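By written order: A, B, C and D. Residues from 1 in each chain.
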Amino acid sequence: MSVDFAKNPRGGTMRRLSSVAVVGAGLLALALGFSNRGGAALAGSTVTGKVKFVGKAPANPSIDMSEEPKCKAKYTTTPQEQVVMANKNGTLGNVFVYVKTGLAADAKYPAPTTPVEIDQSGCTYHPRTLGIMVGQNLDIKNSDPLLHNIKALGKKNRPLNISQPTAGMKTTRTFTAAEVPLAVECNVHGWMHAYIGVLPHPFFASTGAEGTFSITGLPAGTYTLEAWHEKYGVQTATVTVTGSDTKTADFTFTAK
Amino acid sequence: MAGAMSPPFPAERGIEVYNKKLGMWIFLASEVMFFAALIGSYVILRFGATGEWAKPGIVLSIQITAFNTFLLICSSVSMVKAYAAIQDGFPDKMKFWLLMTILGGAAFVGIQIYEYIHLIEHGFVPSGFTEGSHLAELVENGTLPAATMGLYGSTFYTMTGFHGFHVTCGVVSMLYLYLFKALPGKYTPQDFGGIEVVGLYWHFVDLVWIILFTIVYLV
Amino acid sequence: MHWWLPPQGSTFAQPIDTMFTWILVITGITFVLVEVGLVWFIFAYRERPGRKAFYTHGSTSAEVIWTAIPAVTMVILGLMSNGLWVKIKGRNSVPANAYPIGVYAKQFEWYFTYPGADGKLGRVSPSLVDKNSNPTGRDPADPAGTDDIIVRNQLHLPVNRPVVAILTAEDVIHSFYVPEFRVRQDVVPGMEIKSWFEATVPGSYEVGCSQLCGLGHYKMRAQVTVHTQADYHAWLQERTAKAQGEPTS
Amino acid sequence: MTTVAATAHATHAHHDDRSFIQKYIFSTDHKVIGIQFLFLTLFFLAIGGLLAMQIRWQLAYPGKPMPGGTLLPETMAPGGVLLPEYYLQLVTMHGTFMVFFAIMLLLVGVYANFLIPLKIGAHDMAFPRINMASFWSAFASGAVMLASLFVQDGSSRAGWTMYAPLSARHDYSGADFGQEMWSISIILFGLSSILGSLNYITTVINNRCAGMTWFRMPLSVWALFITAILGLLAVPVLAGAAIMLLFEQILGTHFFDPAAGGQPILWQHLFWFFGHPEVYILILPAMGIVSELVANGSRKPIFGYHSMVFAIAGIAFLGWIVWGHHMFVSGMNPTLGSSFMVSTLLIAVPSAIKVFNWMGTMWRGNLRFHVPMLHGIAFIAMFTIGGLSGIFMAATPVDMFIHDTYFIVAHLHYVLFGGSLFAIFGGIVFWFPKMFGRMMNEGWGKVHFWLTFIFYNGCFFPMHIIGMAGHMRRLYDPTVYDFLKPWQPMNEFISINAFLLYGSQIIFFVNFWWSLFKGKKASENPWEDNGLEWSCPSPAPHGNWETLPTVYRGPYEFSAPGASKDYLPQNLKLPTDRDPVLTPAAGH
């Protein structure tokens, strides 16, 4: 069930307030995006860019959490599912940008030893969109004192369907095959969704509250970048880099 | 009891059927239940299904299987002949007919394997039909009902598969009897239990096939 | 907490409890008969020097008695419960004026669909289910469905009005169970099962899934609220207003 | 054929020249096979109990780290806290182990093997080698089932009833190959029990000794015989269902997949068509054993021997037409429900006959309270409760309320533990001397009995009460429900009793092993019983008898007037007895 902002004067504030949580999430995602490259930290080109968003952002569905008071307590206003994270600066968050083609077929990129973390807090996944390398550890944390079920039925990866009944539980899993996106859901709380981009290389990032991304360490070559969004699908861009320069590639999603 | 003179009573040393034969009859009773489960499920699924069933003769070739059925019936007959031969004391005739039966059974299994390969090439698999196969086209143009193809494949392969497995077991055990009992001349008109017991099994398998052929291929 | 059966919350509760009590009386008598008999025998006939057991192979008359009595009792019991069974679950037991509520079960949630102004539920079909936008797979083509309201894990009922739950499941078998109503019905994927009941006491209860449905089985719980007719309509209005052309989640 | 085999055995009877392997591992001797089954099943009994203890811990203290839980791998219990998926594996495997590998094999594996030839006066089973195959396939089946707990993602989690589609699709259950292993194990189990059954049936029909007429057979043999028929006809259906379930996963068939036109209810019909006869497979032999124990303990002939036999047959027959009473609320046609209710209620009649006849047997008897008798009496008392509570769920409207609650759990444990297990324990103590030539310790036997009896009731009786309160089965954490929170102390009480109950079984195990080596040597007929098995030495030698005994009377001639002692063995020839008229032995 979702709140109609026109009818609800506090709607604007509400959106702002709830986006605060998401800014954090976005930054976290970015931070992770960087840490991912720990493994393959080599000099190379950088591709940065903005993911623009034009048109009126649709209202995000608000969530009736009355059945989980312990989660509801973590919010000051009616929580919403961040399907569309429209930033104030006209950009779009939770977009996963990655190098789709152009890398040498034989190139091997070791998976970083630092794990990627996804946290379940307030019956929401933090972050909602994240990238991970094949073979890299994914730490699944539960910060809620109640059951969460983590279910990711990838097509290429072994199905992941586990549960964490108590707070503070941590489960570590890895993925064996590249897959974008790998949708994660919680069957106990229908509104909980997250999207993981599993890639064999470290050249990916997801946008946050600023709507920007930056992919570094690219060897010389011509690449097709793809930007993926759960609602608005994919956009592609092509960049050619020398191996030491910095290029920009922007994407634009339009509200439907 | 202990008081009055107890009357004479029969000793009741069991019935006039020797153990192996009795055992086989009992075993066949359980086999009946096994196939009843498979066939029963088929009937329930087929007539409980929404949308009609694939018409006979489109997916499965009736001609080949009809010939196969004929083959199996013949092998049943040759089994009877082998049994009669040893009973009347002609061990060589018995060996010949037993061999015929083995060949008949083996041929049946061979043809069934050929049929399976052929069907899978055409895209008929236990889960229904494979994409882009000849069968998929037939489903496209409505010759075959898409809704029930899954059940069709499931039931067909399970039932015929397990029958085939039973035939194979029969052939193997007959081969064993042929090589280690019949050829060394262990069977006499007084003792030919093996032949009789395997014969019972063989006729049962044959009977099951006639039912399967009718309900899976013809109806 | 109730040391006996749960409080009676529907029209079924009273007759079912009576039935239960009757069986308890019958079985209770038998129970006492057997156990007391055993204890008595244990003391009366314990081995003592010089005692010899009474040699008998049985008594036909006694056996006839203790065959006939249970037989008759069981037949009576059968007739009694069958009458009630037909009223509750019989083919045509659902009252004509029953208020329809769609109950859609999935691992591990309940989705309740309430008819809008038209009092009719729209068509649903599993093929249309979309996890985010259309959790119950309602058919947009059906006008009756456009004003339906879908609420997650909250069952709201008008008091003293027969309600027919139209049960469908997405994935595995679940079971719709409200102890206070004494109502239980499995929800089977691929089947549409109607189960009716009439709540008699306003208040809040719980729906539990009582058929093992996966690792979240124990969390598959929904809140039941029985309103007075007026409150119910108020609630429905409020929900309708909320739901106006907005995505549901 | 039998006679040939017989002489062969007879020559073996005393100077036994078989190698160790032939004697104790790949033995074809029905007694050795019976004893092999005994060790196997006691092992699974212990494992099944261990799983139950973990279930009870979780129910009493949800989410609290289990003592020793940290020994379990992360995928089962991180930091000792049981995971829901592991809890469901516990529930599933506890049921599977107890029903198939403990109780069923104890009755039709141990007792049928050990008792049938000894009680009907045969040298061995009709098909000794098939008998051996039956044991080893059961062994393999058990090994596969046990191994399934340790494969990736653990064992099946769909409950021992394996309701499809939950069991049919991994993405629903979260299980992986463990699910396939359940089906494979059950198929092997089916093979084992079919081989066993056809062996028992043939043996009973064909290999009875001279004078052992149908109505002179001990009730235990009658029960095992009819049970074998049930098993023979019911288990293949389960095997068929298990095969479909297996194909659902490995071949992608659609038997139970509604999206492709399959029917989830089909599984339930197949499963319970097997499952209900199975319930009687689990209780009829126990009834037979109890008849022996009670008659012997009361020193009195069985009250109404013939009606006891017909009651067994009646229960077995009705057992075929009541499977639907497990499915009253499954969405099955309610009219079917009515008919299943009637047939189900009718089963109460033969059951009542048996209970009253046992009491009739004790009435004016001369009761000896040896350990087997205590267990026999406990069986009558507890089975009565289990049987009576069954009437509640037979009545469809009441079942609608208590179905899938702890009331059912209580009911089935009163039948399977209070019934079958008490009979089994009694039977083990009773035939221990004939198996191993030594007596089990009487004093400790009584201690074990009383502790078991008390904690058993403390554990399972309250389940009726929480069941009436609506406590559902297979809940990982009942406190999720407001209406169940107040019952948590009761859950705790149940669990404590469960722990004590499991603890008291240690006494039995110790007593068992101690007596095996140190127990006092047993005479030929320590219980002063009439059965044929007591006419050969303890332990019974290979081939049982040099020359087969001849039977002159029924098995329950206790306290017969005119007899010098208060028992009269079946094979004891009194001067007044005539020899049976020997009809030619069956077979070539």
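By our rule, a contact is a pair of C-beta atoms (placed from the backbone, for glycine too) under 8 Å apart; a residue touches a chain by one contact, two chains touch by 3 or more.
Computed from a prediction, not measured in an experiment: that's the story for all the values here.
Visitor: Could you compare the number of C-beta pairs in contact for A-D with that for A-C and name the larger?
Guide: Taking the two pairs in turn, the one with more contacts turns out to be A-C.
Visitor: Give the label of the chain whose average Cα location is farthest from that of subunit B.
Guide: It is A whose centre lies farthest from that of subunit B.
Visitor: Report the most central chain, judged by the distance from each chain's C-alpha mean to the global C-alpha mean.
Guide: D
Visitor: Report the inter-chain centroid distance for subunit A and subunit D in whole angstrom, where each centroid is the mean of the CA atoms.
Guide: So the centroids are 55 Å from each other.
Visitor: Could you put a whole-Å number on the gap between the CA centroids of subunit B and subunit C?
Guide: Roughly 46 Å separates the two chain centres.
Visitor: Measuring from the mean C-alpha position of subunit A to the mean C-alpha position of subunit B, what distance in angstrom results?
Guide: 58
Visitor: How big is the gap, in whole Å, between where the Cα atoms of subunit A centre and where those of subunit C centre?
Guide: Going by mean C-alpha positions, subunit A sits 43 Å from subunit C.
Visitor: Would you please write down the residue numbers of subunit D that are in contact with two or more other chains?
Guide: Expected reply: 83-85, 174, 262-263, 476-477, 560-561.
Visitor: Where does subunit C touch two or more other chains at once, residue-wise?
Guide: 107, 214-216, 218-219, 221, in rising order.
Visitor: Pairwise, which chains touch?
Guide: Touching chain pairs, listed by label, come out as A-C, A-D, B-D, C-D.
Visitor: Spell out the residues on subunit D that touch subunit B in their complex, using ranges where they run on.
Guide: My answer: residues 1-2, 126-127, 130, 194, 197-199, 201-202, 205-214, 232-237, 239-241, 243-244, 247, 251-255, 257, 260-263, 266, 269-270, 273, 552-553, 557, 560-563, 568, 574, 576-578, 580-588.
Visitor: Could you list, by residue number, the parts of subunit A that touch subunit D in their complex?
Guide: For this pair, the touching residues of subunit A are 147, 153, 159, 161-166, 169-171.
Visitor: Tell me, which parts of subunit C touch subunit A in their complex?
Guide: 106-109, 131-132, 135, 151-154, 214-216, 218-219, 221-223, 239, 241-244, 246-249
Visitor: Note which residues of subunit D are touching subunit C in the complex, please.
Guide: 83-85, 88, 91, 157-159, 163, 165-166, 172-174, 258-259, 262-265, 298-305, 307, 329-331, 334-335, 337-338, 341-342, 345-346, 348-349, 352-353, 355-357, 359-360, 362-369, 377, 380-381, 384-385, 388-389, 391-392, 395-398, 400-401, 403-405, 465, 468-470, 472-478, 480-483, 486-487, 558-561, 566
Visitor: Quick check on the complex: what are the subunit D residues that touch subunit A?
Guide: 63, 74, 78-79, 81, 83-85, 170-171, 174, 476-477
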